[in-house]
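Multiple structures follow.
Heads up, the next two complexes both have chain A, just with different partners, chain B and then chain C.
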Partner chain A sequence: MLSSQKLLYSRKIGYLFLFLPFSILAVIRLYPMLRGILLSFTDFSLLSPKDVNFIGFQNFKKALTGDKEFYSVIYFSVLYTFSVVLLSYVFGLFLALLLNTDIKLKGLFRVLILLPWVIPPAVAATNWLWLLNDQNGLINLALLRLGIIDSPILFFASKEMARFTAIMFGTWKSMPFMMIVLLSGLQTIPSHLYESAVIDGAGVLRQFFRITLPLLRNVSIVCISLMFIWTFNDFEQIYLLTEGGPINATYVLPIYSYFLAFFRLKMGYSSAISVIALFFLSIVSTINVRQQRDNF
Partner chain B sequence: MSDQRKIIIYICLISAVFIISLPTLSMLGTSFKSAGEILTSHKLLPSHFTIVNYQKALKQAGFGINIRNSLIYAVTVTALCLFVASMGGYAISRFKNPEFRGFAFLLLIYQMFPAMLFIIPLNLLFKKLGLLDTPYSVILGYLSSSLPFSIWMLKGYFDNIPTSMEESAMMDGCSHYQTLFKIIYPVSLPGMAAVAIFTFIRVWNEYLLASILLQSEKYMTLTVGLQKFVQEFQIDWGGLSAASSLSIVPSLIFMLFFQKYLISGLTSGSLKG
Partner chain C sequence: MKKILMGFVLLSLAAGMLAASGQSDKSTESAVKELIFWDMVWGPADTYAEASRQVADEFNSSQDGIQVTVQSTPWNSWYEKFLTAVTSGTAPDVATCSSSAPYLFGNMGELLDLSDIVREWKDDGDINQVYFDTYNYGGNQFAIPWNVDTRCFYYRTDVFSDLGIDPAGIKTWDDFLDALRKVRDNTELIPFSVAGADNMAKHFGYQMMLSNAIGMVDRDLNADLDARANIEIGEFYNELVKEGLILDGTIGYKETDSQRLYYQGDAAVLFHTVGTEILQYSEIADKSAILPVFHGPSSDTPRNASFINPIVVFSQSDTPDAAISFVKWWSKNNTKLWTEGRASSMPVRNSILADPYFSSNWVMKETKDLLLPYNASAGFYPLKSEYPGFAALNGEKYAALYFQSVIAENGKADVKGIASDLNEKIGSLLLESK
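Now for the complex of A and B:
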């Protein structure tokens, strides 16, 4: 049997299967990525595309020492990512716990909660802009009518409000994923653990901290690290909501990189910003890859 | 569980669902309001039902072209992706030599790369090949960004299929490719469905790549096409809501009828650890 298995799964046959996926990814993914990393060591600009010089680490030096904007972008990137991951985890876990009970219409609730996850960011952003606008947005009208506020809240005008709104939007969009993954994690916890905890007189909170949270540890690590990578890399959600404004207050690294490349046409410097983002991400990714190692 | 506790759970869930779907509800409501009512009404739902916004969005603004383009791209990429990803998934599921493990590892790494890092060189590459502003550019771009995730997802499904089935088929004289088509595909249909839905939604929803690689209106996707309703000082909220509502139709269909596959796809990647 062993010899036949060796014959069936010989390398040559494996190469045949790998040929197409590998060559496609090599040409339109690997090659551009490596070239992107190389670009970060040059002064390549679309203003003078013929004149490209290798300038070593100068782009990185400039970003870290001579670019004030860069630090404010890093600050909001980190703030945004941590807030969205934390808030979506907390709300997602809360909803998952509610759905992991023997209530009716579970399927319907699940579908409705999943909705933000499948809606195109371009649509979701315009919906929020409409809902939150200061003249006839439903939220402002409702708050005014209830007498909670005297004048409309300008959700996108000030630096702080725009950042707050962007974080709320990101949380709204990311929370369904957390909910679904944590819910299936909850469903793997054997119910007899809770039954014996009840016999021992443990209350709801004690059950949550002693049984639920510890047993969700692995699932939590995976979904938090995945969400961290996605949120940190996300361009569309914030860009479509605020375009990075007002006055760059909601710039995150991908938006800054985009702005440098397509408005200031500094492709080299833009790539260096992305490489710095990659460095941040590689720390988190090590956790994710380690968790997936058994699957290789 | 006591009735009291159940009631509290229902109240929490219903209010959560209401808040979560409020932006979508308000979009649907607005899309059926008349231009006058949009700017004056304080209600979520229209008092006079009208489809004039939809007619305007499709006819005057030509949003139909954008929908058609997105549909073509999404279907093409989904078909290509299933074909290519099933080969890749099968390879890294069945073959364990170092080069196959290396490829699997590379796919995981791909997913953490900032998109901007490869979009600039991809743009330059497509320009050189004369593919910029053609449907091929986005189809190839989307294919490459869907493949890593799809290959991993299918690998997960293939791992659960016992090798004895394909071994006996091969003993009976089937080639590897025949085995893949006759044995593996039929058994892993749920996995293929999940990958297909994911790829479709990913392409359908994407904005950044399309906005950079395409310029002509005749090739433009719907996410970028929505900008037509936004002028510098004036936004056509009626047209925008109607076009946006049309844009979520496929996702709604998948959510309502294929929820099982969507959820199994969402969780398969993350629950193994």
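Now for the complex of A and C:
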């Protein structure tokens, strides 16, 4: 047992150790966020950085009521986020279920499936651009040689195809994370539950819906929430793949916010767009935290 | 624990004393003015950075009063890097930078007016006035031009020769389309390879606008995309796709995709940046050349899209006179950046262009002879320099959006409708920036 003086001393040391990382976090995380929020209430423009005026909620009013582009960007941002999260969850779960069985070379498959997650987005996007090219791309060449298609698929030539391709790329990149988290969740489910279910005559589907899915609920909520936030905030993957095109069809909120800040030079308005995104994502985070609190 | 804490205190004191002694050393050498020079990487990183250092060393040894330290600055995130430095008060004294930087930083009051240099050099005629004008905003010369990045149409000499196409006879868009039709009808080649998805598509748009004597705005800064000359450009794009002169996938091609088609011998004409890079593909380079500049129906003057790149002096500099002296020296004595550093652009100074290096291969020779005399600043026409709102129109690639919107319709585009829609958006962006 520590004496009360020693306990107090060890606490002080503990706070001292906490102080440094907390200070660093405050500088690199908290300060930019607070400054961003502050800027969203101003007319700060990069052309006149010394002439900044407080304009209340005008930026927010403009975004929500007078900016048609904002709504078109929100449309694709939401479509992209929901599609990527849903598809990566479904494929991730499918792969996790496969890898949770007694198959050979399980370790190798896990490593291979994890690759998209660890490859830097710039490398991944460059490779996919080459793979999907209509003249030289491996995918089109293979499909043509196999006689599956008569003419190359133009993956980036229309708004719809570019959106589809961006979603597929996002899914490919996100799915390994889902897979690895869900696999860890699957491994915590006691095997005797399945044994009892088999004895009771439950089939594979019934076992999946009555045992696997309910027991994966907590893990699923965590990984879906995290993936939702990451995907909604995703800038580089889409920008590297399509640059927001063709004809601005794949603009997402971070790209729009970036363009507003650095091309239209409207830092204040751009910050307001980011604050709206922050507000939206805070709702998702709150739901996530509440769900977790209710479940534990 | 006390010993450890005491150790920390002593170390801190020692560090403070060391720093203080460094400070006093510096103050004793204050007679020498020290300059920080950010030089972007304008050529291959391995050769250019070394050449840039050598040029600065030559300056340092040419006099005793100023010492320049070069910091080679990569292009990735250059914009954010400069912006952060400027807004945080840590800008360099002198910098080479992108063509869009002087307008932004000049209007922020962060650049020195270098009009005196222009006045001093005006009569020697070594630098074309068009290049100076690019950085003159309302009488303030916010930058000195030093290199020019030019766009061009490469073509296959063997194909043109076999088909009896005389490149010198291509003077108008119609002549150009006729040449492409001949390629389409008589070979298996893709007639024309051009990027549709990235900045190169935007540059193609600027090229077409310059060659038809029109811009995105008129002289009074009103949106002008629905003007007759711009509609003609849209119709030209429509012809390209309708007649199968470009590939259906063009809208999704980035610069590298269009390059690849040409370099691997699949295309007859390529719109691209002039550069010695093509020489690495000797099989294609040996049978390639640059097309002379041609013009559209609304223009009788050939103009070629180019990006004139600047050197600037930041007003945060503690030693502005030294910085200006360096810029003047550097502008006249940087031939090594090309001859040793292999800078990819061309110098704006005729005296430097006279170096035999710039006639040592066909790319540079033809650029010098066929393109430079017709160079105009891309994007600004009919104005001479950047205008309010250009950063948004350029950054959001409105010239590329026009190209994309037309070719996306597979030859059935309502050109007037597309131009009118985009014109409205350009109008609101201009209004926002006023």
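Throughout what follows, the second predicted complex is superposed on the first by the 279 of 296 C-alpha atoms of A that agree within 3 Å, B and C clash if a C-alpha of one lies under 4 Å from a C-alpha of the other, contacts with A are read in each partner's own complex, and residues count from 1 in each chain.
Note that in this section a residue touches a chain if its C-beta (ideal position, glycine included) is under 8 Å from a C-beta of that chain, and two chains touch if they have at least 3 such contacts.
Small disclaimer: the values here were computed from a predicted structure and weren't measured.
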item: Chain C versus chain B on the shared chain A, clash or fit after superposition; value: clash
item: First (chain B), second (chain C), both or neither touched by A:248; value: second
item: Partner chain in contact with A:229 - chain B first, chain C second, else both or neither; value: first
item: Chain B versus chain C as contact partner of A:136, first or second or both or neither; value: both
item: Per-residue touch tally on chain A - higher for chain B or for chain C; value: B
item: Chain B versus chain C as contact partner of A:119, first or second or both or neither; value: first
item: Touched partner set for A:240, first chain B, second chain C, both or neither; value: first
item: Contacts of A:152 with chain B and chain C, given as first, second, both or neither; value: second
item: Touching partner for A:35 - first (chain B), second (chain C), both, neither; value: first
item: Chain B versus chain C as contact partner of A:262, first or second or both or neither; value: both
item: Touching both chain C and chain B, counted on chain A across the two superposed complexes; value: 136, 262
item: Complex contacts: residues of chain A adjacent to chain B; value: 4-5, 8-9, 11, 13-14, 16-18, 20-22, 24-25, 28-33, 35-37, 39, 95, 98-99, 101-103, 107, 109-116, 118-124, 126-128, 130-131, 136, 138, 141, 145, 172, 175, 177, 180-181, 184-185, 188, 218-219, 221-223, 226, 229, 233, 235-236, 239-240, 253-254, 257-258, 261-262, 267, 270-271, 273-275, 277-278, 281-282, 284-285, 288-289, 291-292, 294-296
item: Residues on chain C engaged by chain A in the complex (per definition of touch); value: 79-80, 83, 87, 104, 107-109, 196-198, 247-252, 254, 257, 260-261, 264, 266, 391-392, 394-397, 400-401, 404-405, 408, 429, 432-433
item: Complex contacts: residues of chain A adjacent to chain C; value: 46-50, 129, 133-136, 152, 154-159, 162, 242-243, 245-248, 259, 262-266
item: Partner chain A, residues of chain B touching it in the complex; value: 1, 6, 9-10, 12-13, 16-17, 20-24, 26-27, 30, 38-40, 42, 44, 84-85, 87-88, 90-92, 94-95, 97, 99-101, 103-122, 124-125, 140-141, 143-145, 147-148, 151, 155-156, 159, 163, 166-167, 170-171, 176, 201, 204-208, 212, 222-224, 226, 230, 237, 240-241, 244, 247-248, 251, 254-256, 259, 262-263, 266-267, 269-273
